[in-house]
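In the part that follows, the structures are each spelled out as C-alpha cells.
You will see chain A twice below: alongside chain B first, and alongside chain C after that.
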Partner chain A sequence: MVDEGTRKTLSNIPLLTTKAGPRDKELWIQRLKEEYQSLIKYVQNNKSADNDWFRLESNKEGTKWFGKCWYIHDLLKYEFAVEFDIPVTYPVTAPEIALPELDGKTAKMYRGGKICLSDHFKPLWARNVPKFGIGHAMALGLGPWLAVEIPDLISKGVVSYKEKANS
Partner chain B sequence: MTTIEELQAKIAELEAKLSAQNATARNKIDSMSAEVVDSNPYSRLMALKRMGIVDNYENIRLYTCAVVGVGGVGSVTAEMLTRCGIGKLILFDYDKVELANMNRLFFQPHQSGMSKVEAAAQTLRNINPDVEIVTYNYNITTTDNFQHFMDTISTGNLTNGPVDLVLSCVDNFEARYTINTACNELNIKWFESGVAENAVSGHIQFIVPGETACFACAPPLIVASNIDEKTLKRDGVCAASLPTTMGIVAGFLVQNTLKYLLQFGEVTHYLGYSALNDFFPTMRMKPNPNCEDRYCRKRQEEYAAKPKPVKEENVAKTEEKPLHEENEWGISLVDESATPEEVPKSVAEGLSYAYEEGPKVLRDEANPQDDVNLDELMAQMKSM
Partner chain C sequence: MADWDEIKRLAADFQKVQLSSSTQRLSERNCIEIVTWLIQRKMVDLIFTSDGKEYMTPAHLILIFTSDGKEYMTPAHLINDIRGELYVNGGRVNLVELAKIIGVDLSHINAHLNDVLKGHKDIHSVLGQLVDSTYITKIAGEINEKLQQQGQININDLTLQYDLPADFVQQHVVEKNLGKLIFGKQDKKDPRIFFTETFIARTKAKIRGALIGLTKPTPITVILSHADVSERLFFSLFDQCCSYGSLTSRLVGAQYVPNIYTRSQNEWVNNFYKQNGYLEFDALNRLGISDYKTYLKKLFANDDTILLKSCVISKNILDRAEADIEECINSKSYLDLQNNLPSVFNEQDIQIITETILNTKKLRETIVIENYILSKAFLETLIVDCSKKLEENANKVVENGKYQHYQTDLQILNLKTQKMRICQKKLKLTSGRREEKKQLVVRVVEVHKEEKRKQNQPRNIIEVGKHNIEEIFEQIQEKLEEEGLDMLIDSIANYLHPILNEKDITTELLNYIAAEENMNTVTDNFTNEQRLKFVNDLSQTYKNAFSTLTKTLSGQNVEEFLNSIDDALATCSMILKKIDKKKDRIVILNHKHSLLEQLDKCDDPALALHLTSLILFVSATQNMLHASGRHVSSILVFLKQFLPPEQAEELSSYHEFVTLMLGGGSEAENAKERLKEKLPIIKTIATEFKKINPEKS
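Right after this comes the complex of A and B.
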C-alpha cells in the first residue's frame, strides 16, 4: 500500500488530536498550533535525515498555505512553488496540494495544478481523521508525487534546471 | 491591404449573420401553454399532463435547482432542466472550458477559455429565455466562498427561500463533502451524482437530511465495474471520461429531479450504473446514527420526532384487471422489494464501499496547548 520509506517517514510525524476545521473558531486555533508543531518536527526530521524538501507558511487564519518544495535529480535542485487552501470540511477532507507552475504540463494533475493523488491516499487519510495533518498530506501526497513525476518531466524536457533556483 | 470597401462589406456580412442569429432566439413566454403548435416550445412537455404522467407540469416554473459543478454531467443536467422549463437555475463552477472537454456534451470549441458557468449561461439563455439563470464562478470548498455558497442556496429560490434541490455534479470528494455539510446544516435535499474515473460506471444518490444516509454516514460507494483492479492501468493519467456515461448519469439525475419536483413515479434513492455489463443496482440506505456530521445527527432526531404519514397504497389509481388473462406458462413476478429498509453488510449486489471505515474519533477537547503561542510557532516555521 505505502512503501517502507514513506511508512517510516509517516510514523515520525507527530499525530494531531483536535478535530477542527477553519469554521470552528477557537478549536481551529488549537488545531493550527498542532499543525505547526507537527510540521516543525517533520521539517526537523527531514533536515537531520539530510532529506529537507519543503517549506510552508500560512496566512494569519491558517486557511491558505504557500511555500516551496524541491527535488534533487542528478545533483541538481529543481524547485517549485506549492500552495493549497484548507477546505471548510478539513480535516475530514485533505487539502488539495497544487504546484501551479506545472499546470498543463502533466496529465497527473487536475485543473489549477492540483496533484493527482494515488488511490491509496484518500482511504488512508479517511481512516486517520483527525490524526493526520498537513505534514502527513505532504509526506503521503506530494512527496511520492514529486519522486515519480519530476524525473519523468525532466526526461521529457518539460521541466528544466534553472540556475537561480539554487538558493 | 484591405480596402475600406472590403471592410464595409465584411461588416455588413457580420451584421446580417448576427441579426439572423438574434431572429432565431425567441422571446419570453408568460405562461406554459398546452396548445399543440409548432411554435410552442412546451407542447410536448405539457402533453405529459394529457397522458396522465404528470398532474401539474407547469409548476416546474416555480422550482429552483442549484447545479454545483458544470462539467460533463452538470452542463447536460443544466441543459435538460432548461429545456424542461425549470424556474431558476443557479450554477457554480470555477473551471474554464478547454478543448480537452470536447469529448463530453454541451460545450463547444469556440467557448474555450470562457468560464464554464458563463459559457453555460450563454447557451442556456439562448435555448430557453424563460429560465432565470444565475452563475457563480468560484470554488465552494474554500472558507472564503463557503458562506456565500450557503447564503445563496438558502435564499436563492424565486421567492428568496431555499432552493428546492441541490444537484451535485462535481468531480471530487472534497466538494461533495462540502455540499453535504451545507445541505445538512441548511436542511436542503440534494442529489449526489458521479462518474468513475475509469468512465465505465456512475451513480446518483438522493439525500434527504435525517431521512436517508448522508454523504458522511458511510464511506463512498463504488459500483463494481467488473474489471480486475490489476489490469486497470493508470499510467500517466488521472481520469478518463466518456460522453455516454456522463449523459446517462445526467439523464438519471434529471429524471429523478423531475419526479421529485413534479411528484410523479418513485424517486430512486440510489441508482448505480455499470457500463461494461449494463448492470443497474438500486438500494436505499438509512442514516448512520453515529454519523460524524453533527447536523446529520440533528436532522435524524428531527425526523424521528416527526409523525410519519401512513403510506397510501397506490392501488386506487391502477386498474386491477390482470394484464394477461391467460398464463399458460405459469409465469409470475417475484417481489424483490421485501426489505428495502435493511442495509445488508455487503451494501447491495454490485456495490461496495470505497474503503473500510477507520475508528471514529469524535471531537477531542483534551490536549490544551495554551502554553504555546501560535505566532511564535508561525515565526519558528518561517525561520527554518
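Right after this comes the complex of A and C.
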C-alpha cells in the first residue's frame, strides 16, 4: 500500500467526474478541463508545502504530456525529462509515464523508459476510474518511484550529478 | 472552439502556477541554512529576515532567533518590540506573555530587560511583569475611587485585587500618589491602611453612638458586631471619642463599662453601706463586681472596715454590737447577736464578730453559745433560780416518794427505762415540729438548768431521801405495832405502790400521750382533778383505758392498777415487759453477799445481830429488806417460822443479851462477854441458813 505522505497528498488532489478518452470529442474536452483544474490544485498544494518536484505541459489536444521532474539528494538536484501519452482507453487504462534518460539504466523500467509501477498502482487505479487523473498518476506512480529508485541509482553511480545552470 | 480556448487558458494557468511561485519558495527554504552559514563564517554584511523588511549592520551581529527559528531580530528590535507590547497591553505585561507574543525565548527577554528599563524610569519590572507609569496612574485612580466609596482601604486587599506585591503597591502606587490621585490618610499605626477623613468621622460617630447608648457593661465583641466596626479601628478611635466609660482591657474579650453604670454602682454601694453599715459580697456579685476585694479596698480606702466571710461591715456595727454586749453584761441578761445584727450575717460572720469584740476581760464575764452571749451574772441568777426550783422539786420528789421509787423499785425501773426511751424518741420527733426559735431559747435555759442540776441534785436528793426514808419507816413501825408481822411486806408495798409507781407511771404515760397528740401540756405536776380533766379531753382511743387507770390511782389496790395499766399501755402501743426473775435474783444475791461481807468484818455484837437478821430475812423471803436496828426484834419474830427451834432460841437469847448490853447497867459487862462468845455462832447461823433455805422457799 502507499505510504502515509502519499496518501495525504492523494487525498488533497481533486477527483474527476467525467469518464472520457481522447476519442470522445466533446466529453474529452470536459475531461481535459477537469485534468487541468486538478493538476493546478495539485501543483499549488505542492508549492505551499514547499514540495514542488515537476513541470508538465501538454500538446494542444492534451494527448501528449512532457516536462521535467527532479529529486534533491544530498543537497544536489537531479533533474530528468518526463513524457507520456494518454492511452486511447483512458481513463480505464492508466498513462505510462516514461523517463527516457534512464532507459536501460535500471531494471524497474520497460523499454522506452517507461517506469514499472508498483503492484498496488493498477488495482488502485482500476478501482478509482474515472475519479483518478494525471495528477493522481504522477503522485501515485512517479513520485514514489523516484523516491525509491534515484538514491539507489546515485549510489550505484549510474546517475551522476550534472552541473547545470537551472532556474 | 470555445472549449478548446478554455483548455488553452487552463494550460496557461497551469504553467503560470508552476513557474511563478517556485523561485520564491526555493529561496525561503534555504534561508535558514544560508543565514546559519553566514553567522558561522562571520561574513554577514547584510542580512534580511524572512519577510525581507529588516536589515542590520555588522555592528549588531548578535541575532536573536525567534522560537520557531524562522525569524531573526536584533536586540534593539527586541527592546523596541517589548516597549511596543507594553504600550499595547495598557502599561502592564507579563514577561512570559511577552515571550509568547514576540515569539522569542523567555531568556532573551530576561537578558534584555535591563536595556528596556534603562533610560525609562517610568517602567518597573515587578514579579515577572512590566508595569509602566500609565498603568500605575490608572490603578491609582481606581484605588482612589474605591477608597472614596469604602472609606477605608487595605494594601493587602489591593495586592490581591491587582496581583502585585504589597511593597510595590505601597511605595509606587499608593504612597507616591497620595494627595495627588489618591485622597486619604495613612493610618499612623498601620501604614498599610488608608482611609478618608469622612470615614473616620463616620466611624467615630458610630462608636460614640453605640457607647452613649449603653448603660451596662457590654463585651466589646457585641458592640463591634452591632456597630459594624473593625476591632482595630475601634480601639484606635476609642480614646478620641469616648469619655463615657472605660474598657477593662485592650483585648477583644474586653468589656466596656459605661461611666454611668460605674457611677450608679458606686452610688448604690455607698448608699447601702452608709445606710446599713455593711455590704454583702453576694450583693456586689449581683451588681457585677466579681473582684469585690480590690473594689472594696479602693472604695473604703479611708474607712475603717472589717471583712467577714460573707460581707464587709463598718466599725459602727461592731461598736453597736460591742455596746450591746456591754449592756448585756451590765444588765446581767443575755444577748442574741443574730437578732441584734443585720439578718444577712451568717454564723461564721457572727463568730468572727464575737471574736473581735470579746476581749479577755469581756470573755471572763460572758459565755458564748452559738449566736447567744450570756453574761456570767445572768447565769448566776439563773443558777439561783434553778437551785431554788431544784430544791423545791427535790423536796417534792422526795415527798411524793419518787426518790424511794427510784431507789427501791428496780424491777419496775427496767420497764420504765425502756418506756422512757420510747417516750424520748417520740418527744424528739414531735419537738422537731416546734418552732425553732422557741426551742432554742428553751434549750439554752435548759442546758443551764441541767448544768446546775448536775452539780446540786444528787446530794440533795440523797440527803432528802435519807431523811424521808426514816420518816417512812417510822410510819411503818407504827403500823407494824398495830397490825401483825405478816402484814409487813404487804403494807410496805401497799404504802409505797400507789404513791410511787402508779402515779409516776401514769404521769409518764400521760406525758407521752400529750406529746403524741401534740398538746403542749406538761403533766408532771398534775393534781388528781387536773389529771381526770386531761384524760377526759383525750381522744376516744385513749380515754377509756386511761379513765380506769386514773381511777385506780386513788384506790389502794395494786392488782387493780396492774390490770388497768395493761390496757392503757396497749392503747399507746406499748408492751409491759415481764419481770425478769433472773435479774431480780442476781440483785438480791448481790445484796446478800454485801451483807455477808459486812457481817464477816463486823465485831460489834449489836450490828452483827442486825446484819444476821437482815441476811436471814433475805434468804428466807428472797426479798430485800432495809430496816434499822430498832426493828431487829420484830424481824426475829417474823423469822421464827423459817428457822429451826435451836437457832431461833440462840438468836433470841443473843438478842436479849444485846438489849442488855445496850441498856447498860450492872449486867452490861457480863452480857458483852457472853455476846463475844456467841458471835461466831450467830455468824454461822447467818451463813449456813442460806444452804438450808432453798428447800423451804
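Criterion: the second predicted complex is superposed on the first by the 165 of 167 C-alpha atoms of A that agree within 3 Å, B and C clash if a C-alpha of one lies under 4 Å from a C-alpha of the other, contacts with A are read in each partner's own complex, and residues count from 1 in each chain.
Criterion: a contact is a pair of C-beta atoms (placed from the backbone, for glycine too) under 8 Å apart; a residue touches a chain by one contact, two chains touch by 3 or more.
Quantities reported herein were computed from a predicted structural model and do not represent experimental measurements.
J.: Based on the superposition on chain A, does the combination of chain B and chain C result in a clash or a fit?
T.: Superposition result for chain B and chain C: clash.
J.: Name the contact category of A:55: first (chain B only), second (chain C only), both, or neither.
T.: Both partners, chain B and chain C.
J.: For A:130, select first, second, both or neither according to whether it touches chain B, chain C, the two together, or no partner.
T.: The first partner, chain B, only.
J.: First (chain B), second (chain C), both or neither: which does A:45 touch?
T.: The answer is neither, since A:45 touches no partner chain.
J.: Is the number of chain A residues in contact higher for chain B or for chain C?
T.: Of chain B and chain C, the partner in contact with more residues of chain A is B.
J.: Would you sort A:33 into first (chain B), second (chain C), both or neither based on which partner it touches?
T.: In the superposition, A:33 contacts both chain B and chain C.
J.: Considering only the touch criterion stated at the top, classify A:12 as touching first (chain B), second (chain C), both, or neither.
T.: In the superposition, A:12 touches no partner, neither chain B nor chain C.
J.: In the superposed arrangement, which partner chain does A:23 touch: chain B (first), chain C (second), both, or neither?
T.: A:23: touches chain B, not chain C.
J.: Which partner does A:122 contact after superposing on A: first (chain B), second (chain C), both, neither?
T.: Once the two structures are laid over each other on A, A:122 reaches chain B alone.
J.: Do any residues of chain A touch both chain B and chain C, and if so, which are they?
T.: Touching chain B and chain C on chain A: residues 29-30, 32-33, 36-37, 39-40, 43-44, 47, 55-58.
J.: Where on chain A is chain B touching in the complex?
T.: 17-20, 22-23, 27, 29-30, 32-34, 36-37, 39-40, 43-44, 47, 55-58, 61, 63, 85-89, 92-94, 96, 107-111, 116, 119, 122-123, 126-131
J.: Can you tell me which positions in chain C touch chain A when the two form their complex?
T.: Going through chain C, the ones touching chain A are 1, 3-4, 6-8, 10-11, 13-15, 17-19, 21-23, 25-26, 28-29.
J.: Where on chain B does chain A make contact in their complex?
T.: Touch residues, chain B against chain A: 95-96, 139, 141-144, 146, 172-174, 177-178, 181, 216, 219, 234, 236-238, 292, 354-358, 361-369, 372, 374, 377-378, 380-382, 384.
J.: Please give the residue numbers of chain A that touch chain C in the complex, ascending.
T.: Touching chain C from chain A are residues 26, 29-30, 32-33, 36-37, 39-40, 43-44, 47, 50, 52, 55-58, 60, 62, 167.
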